[in-house]
Amino acid sequence: MKWTVYLSGEIHTDWRQRIIQGATEHGLDIEFTSAVTEHEASDAAGDVLGKDENAFWRDHKSSKVNSIRTKNLIQKCDIAIIRFGDKYKQWNAAFDAGCCAALGKPYITLHADDIIHPLKEVDAAAMAWAQTPEQVVELLKYTING
Amino acid sequence: MKWTVYLSGEIHTDWRQRIIQGATEHGLDIEFTSAVTEHEASDAAGDVLGKDENAFWRDHKSSKVNSIRTKNLIQKCDIAIIRFGDKYKQWNAAFDAGCCAALGKPYITLHADDIIHPLKEVDAAAMAWAQTPEQVVELLKYTING
Amino acid sequence: MKWTVYLSGEIHTDWRQRIIQGATEHGLDIEFTSAVTEHEASDAAGDVLGKDENAFWRDHKSSKVNSIRTKNLIQKCDIAIIRFGDKYKQWNAAFDAGCCAALGKPYITLHADDIIHPLKEVDAAAMAWAQTPEQVVELLKYTING
Amino acid sequence: MKWTVYLSGEIHTDWRQRIIQGATEHGLDIEFTSAVTEHEASDAAGDVLGKDENAFWRDHKSSKVNSIRTKNLIQKCDIAIIRFGDKYKQWNAAFDAGCCAALGKPYITLHADDIIHPLKEVDAAAMAWAQTPEQVVELLKYTING
Amino acid sequence: MKWTVYLSGEIHTDWRQRIIQGATEHGLDIEFTSAVTEHEASDAAGDVLGKDENAFWRDHKSSKVNSIRTKNLIQKCDIAIIRFGDKYKQWNAAFDAGCCAALGKPYITLHADDIIHPLKEVDAAAMAWAQTPEQVVELLKYTING
Amino acid sequence: MKWTVYLSGEIHTDWRQRIIQGATEHGLDIEFTSAVTEHEASDAAGDVLGKDENAFWRDHKSSKVNSIRTKNLIQKCDIAIIRFGDKYKQWNAAFDAGCCAALGKPYITLHADDIIHPLKEVDAAAMAWAQTPEQVVELLKYTING
Amino acid sequence: MKWTVYLSGEIHTDWRQRIIQGATEHGLDIEFTSAVTEHEASDAAGDVLGKDENAFWRDHKSSKVNSIRTKNLIQKCDIAIIRFGDKYKQWNAAFDAGCCAALGKPYITLHADDIIHPLKEVDAAAMAWAQTPEQVVELLKYTING
Amino acid sequence: MKWTVYLSGEIHTDWRQRIIQGATEHGLDIEFTSAVTEHEASDAAGDVLGKDENAFWRDHKSSKVNSIRTKNLIQKCDIAIIRFGDKYKQWNAAFDAGCCAALGKPYITLHADDIIHPLKEVDAAAMAWAQTPEQVVELLKYTING
């Protein structure tokens, strides 16, 4: 049985690579999916349709284009990993967590312990809170291989 | 036809009161609902079950107790207003927006224009972005009365 | 048992009034609902949030505001009446019919016989095709009173 | 991951071929699906069951036969492209868009800018509005490859 | 708490009246619903839209009109009673039972013991098989009052 | 794209074989599924668990065992063919049709024209009524190949 | 807003009465529901249909009759309280918890701390674990009144 | 067609092996799935995230980690086998049965006849009650091969 794991959130550190590499080393049969993680490409996703001067509409157009991908991938995943780093607002990660919760998709949060309190609602609906990508790999290995 | 409107997010300004008062002045038949908005009561929601020393578990227990209320109210609402202020992480508001999106509940975001960019995914799934509580009242009046 | 009937489509003739009046004369316990049917108010629904110069975005903003009302009312209706007149594109009426079909809401189409062919897919998913508002009233009376 | 894209609407220009060819040139792993697009075959879909003299019932029978195919394909697609040309009523395209909206399927509209206003409700529930098949190909490439 | 009970099937004996009367005598807070049970009215339900000469289409039109009522009432019921008599095919009763099963609506069958074998699939998905209306009343009383 | 077609109903004529053979001759990529169609095996499905003396419970036990198969196969099918012959009650076929209708599965009925009237509710929710297996093959060919 | 709370499980102590009384004292607007809690009546629920000699079928018949009530009440509740005492197997309480989990109904478990380990899966899907009826009342008061 | 069968419950006897071996001997195309059945590994599932001193939270953390696997596998199964042995509380098995019932997944219970009475609610929603793994194999063979 192949598993599909969606990796949501922060794009400035190598957490995705570390999880994917760890899973590969353990031979886990996982297809990892993700939003487009190149910041500039993501912000410009709608520009092919005509670039808006207005900042709100440019963002709006690009975000809706991005959602074609993310909505599909979240609906198809078996597990999501929701990552919060130490910078930026990362509301999109919390939004993805809310989608997963409402869809009944189990998710694991990945964040440092200094943001436990503001993430308490997101963590409360999670199946686990991990602090390192290596812990996530262990959880995936246990989930898939037992 | 009575409408139910869930008010999610920031608890440090009077936006809820202004929306409720505006709706009352226009005679709109709305039942407004909300999470428990008193910060300390909310943080202590699980303490009646035995207060944990561990910060994560205290938050966890309280958040799950709070979710009994919020999950029910979000599922019962016709419209949600998702408010982001200029302070704090407010990940719970983005989480509620994600729940609404996945459940097909129309929601309106309420925030200043300096956070358009980090909120672009949340706004992209919203039915409207308002900058003042008075605009929200106008939208509710239009939605209900035409 | 109260019934809720959503009236969708053409806004230039008095078909809504004739159905509502007919239902009233027969004492049917129906709550009729509808999109905002005043053309100019509907087009301007989003202007309270700042009127866009760009025609697409002005329409986009207003249509999303309108959908807060229509999405709720369609989801709450027991029966929809989908009306096509002899003018304009009326794609919104066909769109509403598609929503009803996917949601399993029974709907009745109301249109003249000269547009049978282009409406064949919309009619195929309908429970009935009526040519006059009076026929719709008869169907509602039969449905509710037997 | 294979993607399935449903192509709905106008059958008089080569927009389907241009999208399929563009996707092929980019090596996108897409299965394209569609209603039967040969007009006469589609109108005669039910004739094998006995051809009705009555125009309404002949259309009705054929449309229901066609819906066996289209209902399945829409429910199985990941993305739909909804195309409106400059002729005919094309209510079936708007109907398909309504189905997609209610089922939570992301769709992209494809139409010229002179019909923005009558399509505003259909566009409001879309994830993007494209004006050329080549733009659609770019959106599919971005969605699938990042 | 009010209960809604849908009475489906045979229309030639007084089983509906006996159940309704028994429930009334016990003071049960039940709203009973039903298809239109007058045979001729039901067969003619679509005639107001123009009576077809063709027997299939006349039946088709009337049955679809009838389904506006029955589909709504089945979806709104808490419990269905599915009655099979000793005459006629009564496929509509079995059809209603299938709908209830797929929708997760608990239903009780009501029939004599000489048709146990042909009804075995319908009974297997039922919550109870009763042989008299009085037994049904007892089950309703127990279900509602304890 | 592979299609799955569930064949429900009468087991005394060769209609299943004729449909399967016709589909094979046309090279249609269909997986046909069905309940266990050997009458005695089906009636005895539960006997391995201990054969009941009581006729009702023996039927009950076997029917529930059979439903493990049929429920799965109906939920997985893309199209169902519902066949009524000229003998027996065949309530299970009408029950399957009701399940399909409630699940939104398109189905085709297959029966002679002398039972149009008692089947009118089952036909009304069908996408087509065929009188011969060869017509069903034509509909499948059209649905799959266009 | 009225709340509905389903009380599931152990029937040998007065925990239901203590919760109902506590809620009444606090003036909470709650409709409490429950399976039939009189043991003998519950075991005999199906006897009106003819009492079976066979223990399995008597239990089977009565349990299915009971499920007409419990399935409806669980689907209609906003919150469930799942109570485990110190005696008996109480598999029905764990079964109800599983139903609630799958339906997305928030539930609170009520049990002593000596059965934490065997109840860990049931508790893991709960929103709270209480040890006394009074704690449950506090949670209900907080959930409803804030 | 491949079938997926989830094996839930008791971990102290060889019932899983006997079912799997029997299915293999009959050449059934089944993928068997299961929770992690090594007791100590299961209890320690969350320890990689930091082992809690508090017994409740250690169990809680591990159970939620385990549910990532079990929730996915139950949602993906076609059939579940729910096994109750003669020892321990086995509330997790009853909980899984409740999930299956609410999700509409057919399940077979496997237990001795001395626990018929306490399992009556769980058995009432099951499609069959078996007493030996060999009977389960027969039911699977019949379900898959006819």
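For reference, chains read A, B, C, D, E, F, G and H in written order, and residue numbers begin at 1 within each chain.
In the analysis below, a residue touches a chain if its C-beta (ideal position, glycine included) is under 8 Å from a C-beta of that chain, and two chains touch if they have at least 3 such contacts.
Since we're looking at a predicted model, the values are computed, not measured.
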Equivalent interface to F-H, taken from E-F, A-B or A-D so that over half of the residue contact pairs match: A-D
Taking each chain's C-alpha mean as its centre, the one farthest from chain F: B
Centroid distance [mean C-alpha coordinates] between chain G and chain F, Å: 40
Length of the line joining the C-alpha centres of chain C and chain D, rounded to whole Å: 23
Whole-Å separation of chain centres (CA-atom averages), chain A against chain E: 49
Multi-partner residues of chain D (each touching 2 or more other chains): 64, 67, 104, 129
List of chain A residues in touch with chain D within their complex: 31, 33, 36-38, 41, 45-46, 48-49, 61, 64-65, 67-69, 71-72, 75-76
Residues of chain E that touch chain G when the two form their complex: 1, 3, 78-79, 104, 106, 108, 127-131, 135, 138-139, 142-144, 146
Residues of chain E defined as touching chain F within the complex: 55-56, 59-60, 62-64, 66-67, 84, 88-103, 113, 115-125, 129
